[in-house]
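Working notes, beginning with the structure itself.
The first chain written gets the first letter, and so on, giving A, B, C and D; residue counts start at 1 in each chain.
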Amino acid sequence: MNPSLVNPDVPVYNPRNYLNEPATGLRSWLLTLDHKRIGVMFLIATTISLFLGGVFALLIRIELLTPGPTIMDAMTYNRMFTLHGVVMIFLFMIPAIPSGFGNFVLPIMLGARDVAFPRLNLLSFYLYLLGAAVALYGMIHGGADTGWTFYAPYSTTTITKVVPILLGAFILGFSSILTGLNFIVTTHTMRAPGMTWMRVPLFIWSIYATSIIQILATPVLGMSLLLVSVEHAFGWGIFDPARGGDPVLFQHFFWFYSHPAVYIMVLPAMAVISEVVCTFSRKNMFGYKAVAYSSLGIAFVGFFTWGHHLFTSGQSAVDAGIFGVLSMLVGIFTAIKVFNWTATLYKGSISFKTPFAYFAGFIFFLVFGGMTGVALATVSLDVHWQDTYFVVAHFHFIMVGATMMAFLAALHYWFPKITGRMLPEGWGLVGAVMVILGFNFTFIPQFLLGNMGMPRRYYAYPAKFWPLNVASTAGATVLALGLVVVLVYTLISLKWGPVAGSNPWHSRGFEWGTPSPPPVENWETTPVIDRGPHEYDEGATVPPTVSPEPEPTHAS
Amino acid sequence: MPAETTYLAHHFASLEKQTYAARLGMWLFLATEVLLFTALFAGYGVYRFLFREAFAESSRHLQTWIGLVNTLILVTSSFTVAMGVDRAGKGDGKGAWRFFLVSFLFGAAFMVFKAIEYTHHFHVGELPGRFYTNEEVQLVGAPIFMALYFLITGLHGIHVLVGMTVLLVIGLRARAGAYAAEYSVPVELAGLYWHLVDLIWIFVFPLIYLV
Amino acid sequence: MNELMRRLLFLPEQASDYARDVDHLHFFIITTTMLAATGVFATAIFFFLRWRRRSDSDVTPRIEPTPIHEALFIGTPLVLFLIWFAIGYPQYVRLQLPPKDAMDVFVQGKKWMWKFAYPGGPNSVDTLRVPVGRPVRLLITSRDVIHSFFVPALRLKMDAVPGRYTQSWFTANKPGRYEIFCAEYCGMGHSAMLGELVVLPAAEFDTWLADQRRGDKAVAQDSASTGETVLAAGNLVADGERVAAEQGCLKCHSVDGSRHIGPTWVDLYLRQEKLADGRIIVADEAYLTRSMMDPAADIVAGFQNVMPTYQGKLTPPEVAAIVEYIKSLKTSAVRSGPSAGPVYEPKPRQP
Amino acid sequence: MAEPLSHRPEHGAHASHVPRYLAVWIALLVFTFGTWGISRFHLPGVAGVAVALAIAIAKGALVALFFMHLYDQPGPNRLVFATSLVFVALLISLTLLDYATRFPLTNPPGSQGAIPASDYAPAPNDTTR
């Protein structure tokens, strides 16, 4: 079946697909080496994590509904926000888009049959499960009360079960390293014939940049978490002020990973958005090179900015200046992307489907999240905002706002490819509106709370912070309901959604050239790429051509 | 083409691609290893800057000769591994095995010296953090030096053990004729890993024992 | 204008010139952000309305940016961000360089209270008194974990790192009372680690400080002659209440019967307490005194050993006063048995 | 599907590697003894560290370039390794810079560069310490 001969107007459910071949049993899934199945398993696991983290978030918001104790005691509350952070960051945010959607889409986009190291890919999934299990063990046996940042010396002296959680995060780090390693090698060695670097889809550019960060930063996090564990378990004194150790050194190590980790979370979001904006405006990306290189720029410069988390830690003013100025540069790269995405709409053919709605939300959150981020990097304002709800709102704008929007956009965008079925458009828009509005109502009050000076991680608070906290909790409820709506219609559509066909969005992205759901080997014959990935002008051919005789040479 | 059919995984277009992918993957992995150690080296740098005297004094109390001998051992084992990889590249599996066995024994010798050294530390109380009981050096920072010492050499020791296992397994497979002149990438990658272990020690030696 | 923007953004009062300057940067940033964001969104909405999709096979022109576009996309935000930084960073540096003539105050955070010590002796818990119009340098440290000294009204925040000093400074320009928060998460009592900054007119402050110093000296002289300090005349219960508040006891022990970090003091006297090691004792005078001197000796089941020793910090009369105060806290309802609550297993901290 | 293996130049030149390995090995041994010998003079201040690190870098370069064949690897592999070294330098240098330039009292007591804490310590009868 030659995909270029399929009439896109007559949706066909591909009968021979990865879901039913080579077998359908549980065993065939658990031992699969197929990147598509691994991607789907990652999606299921991360979605479960998302809802677990969401429950923690709701409990936190309910506790903060009144100034005093509401439904739990301080210790439980401290555990809640720690678990919320750990689950959302390590179990959902970091793996969701790269390991889930990336795993599924990246090799198909490249015209490859699989990722370069399928076994490592499966190992990555099992490491994820193992890390999750170890962390879960820690949560059940008391959980940690350190906050996800594990600052020494609190984390090294707490009586709670912080070590299993640290080890869980450590193992999850290796899962993330393996995924990154796989993607880099795959992108380098397995591109289809004719796919030069300047014809690589922008999704892959961003995922590639993400992978670089995963490879270079995660080991440092692993080491610092290990050091905290050693310190907590044996008292070796590396961060112990009583023995001359410096707790601030931990903060250096931690943020050397964890600031770039923010880009591990947001770059894949940008990856998805680049695809969505081109498809739904039927336009070539305005400034493909700028968008592609700015991904690499973010990955690179993202490493130079970790010190902006330490402006009030006793860090030297010289370092603060260097880190402050370098942090501005990351803002520039993000600004380039925002401008280019907006400019892409110019003279396009814009269709306001659900993924595009999430794109709109994404741009809104990214602009405000990004600008407040740069404002935080102006050093003197950070002194006021550091560790207040302003920071909380800022990073939720980026991580939940931008990344969640992109995750939902990706879900709606690739759901037809993954399952061969469509999601309901009307309910999709209802869900999108609820999520976006609920999100704004949750976090805009938190910006104001931060301005007022309410510190984060407060179990109880003075009464003057009350009204805004109530508003925030109300918003969180709407947000949660919106997510439940999305979950419900997604589950229903798995079985009863209308058949999508190979290319329901009439996209010219390469992944749409293969039938939906894709066959086990992705492509019947190796596609030959003769154009860029986002081209909608007269001269460009409809989804990637499969020339009768594949050229023998691969691009390298 | 036998090499193509024997060694080529289904999802690669050619053996050359596969080799390239394996090498790139290994280099990326080595990069993560380097950064894993970097956190410890950065900690070493910071505390050395803060506690210059304590570090110099503690370092003087280490047995430099063990460090020196271990450096010579690792450097030489690296050489024999390189020779083994060279043999494998010429299709001589038995030769590769012999060189790898020698390197394995060098690795074992390294660990023996390490054990002697650790025993000594336990006897004189040069132990990390709150276990530090050495009377001779009573400076702020000395326990931190010992903590870093054990972390760096311990982590490196684990890497030596892993490397020895890898050498043994790959060496045995090479002896059994699992690789050929056209395809000896696993041997090469095992060698790369061992060289990295050597490379890290080359930096550990002067930093911990000499300055 | 300043006042309007401040209220719009929910910012607290500005108690120093520095706070006002930082707020001006804030206003500038928020204005430019809003303008830029509105620009982007208006453009996007205009494009969306103007170029709706007509058919699924629409063909669009291929538009590539010219170098001028990219220069604009990079240059505009870069200039803007650098202007922000150029205003913000010098302010931060200013905060790092206290003037030479600043009065030093030592600030110590510990779980979960703030202690302030003035040169020449006097100190206080949770209340920092400073003169208006004179620079004050804070040397901040911590006794246990990292805390962060945060005065929203001064737009000032500095971490208290155990075992070393960080510094910050301010010149308050308005007499008044302002909140002090702990901004770095420090455990169960994090949100209760509140304090108050009291800015006094300079003359009033000088009088207060002199009084404090004289009081200290008097106490010191008394103890030198008699070997024991005496409390000023007054009823013991009231003294006990005052001392308990000053020493921060009430941070952890409630006097309304609610469970907090430590056991409540209400009905504590002669209560049977179940200890963590299983013993059951009666909270008599001896027990109460011992618990102040050596808190780790008898830990009530369900509580952590977080209390520092008050050996040497409380004079015998003060101890007696606190005991009397505890004795006075009686309710008519009779309650026995240990205070309820979740059990946290204690972890011995190695010396 | 299958395509002819195009041998890289390095495959053909395999035979010449052994002398190269030998030379590198001997150089490594010489360097090892050299750095040990120099260390016995206890060079003052940073000079000792600088010399030892310079020798270590030279040795490391030999191992990486010749034993690990970075010398004849394609660009990406070299780039990977070089990039990782950039980030090594980054983490170490910017962290150290902080300790070298911060408010001296913020460094741990008893450390170099920190002003002795007693100079700044509160008055003796201050109970906060």
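Here, a contact is a pair of C-beta atoms (placed from the backbone, for glycine too) under 8 Å apart; a residue touches a chain by one contact, two chains touch by 3 or more.
For clarity, every value in this text was computed on a predicted model and none was experimentally measured.
The fewest steps needed to get from chain A to chain D, moving only between touching chains, is 1. Look at where the CA atoms of chain A average out and do the same for chain B: the two points lie 35 Å apart. Remark: chain B and chain C have CA centroids separated by 48 Å (rounded to whole angstrom). Once the centre of each chain is set as its mean CA position, chain B and chain D turn out to be 15 Å apart.
Shown for chain D are the residues that touch two or more other chains, namely 3, 76, 83-84, 87, 91, 95, 99-100, 103, 106-111, 114. Counting only residues that touch two or more partner chains, chain A has 188, 216, 220, 235, 241, 244-246, 248-249, 252, 256, 314, 317.
Multi-chain contact residues of chain C (touching two or more other chains): 96, 161, 163-164, 166, 350.
Chain pairs that touch one another, listed by label: A-B, A-C, A-D, B-D, C-D.
Those residues of chain D that touch chain B in the shared complex are 1-3, 5-6, 11, 14, 17-18, 21-22, 24-25, 28-29, 32, 35-36, 39, 48-49, 52-53, 55-56, 59-60, 63-64, 66-68, 73-74, 76-77, 80-81, 83-85, 87-88, 91-92, 95-96, 99-100, 107-114. Residues 3, 76, 83-84, 87, 90-91, 94-95, 97-103, 106-111 of chain D touch chain A in their complex. Per the touch definition, chain B reaches chain A in the complex via residues 10-14, 17, 20-21, 24-25, 28-29, 31-33, 35-36, 38-40, 42-43, 46-47, 50-51, 128-131, 140-141, 143-144, 147-148, 150-151. On the side of chain C, the complex with chain D involves touching residues 96, 106, 108, 115-117, 119-121, 123, 139, 161, 163-167, 216, 220, 313. Contact residues on chain A toward chain C in their complex (touch as defined above): 73-76, 78, 145-147, 151, 153-154, 157-160, 235, 241-242, 247-248, 281-284, 286-287, 290, 311-314, 317, 320-321, 324-325, 328, 331-332, 335-336, 338-340, 342-343, 345-352, 360, 363-364, 367-368, 371-372, 374-375, 377-381, 383-384, 386-388, 448-449, 451-453, 455-462, 468, 506, 535-538.
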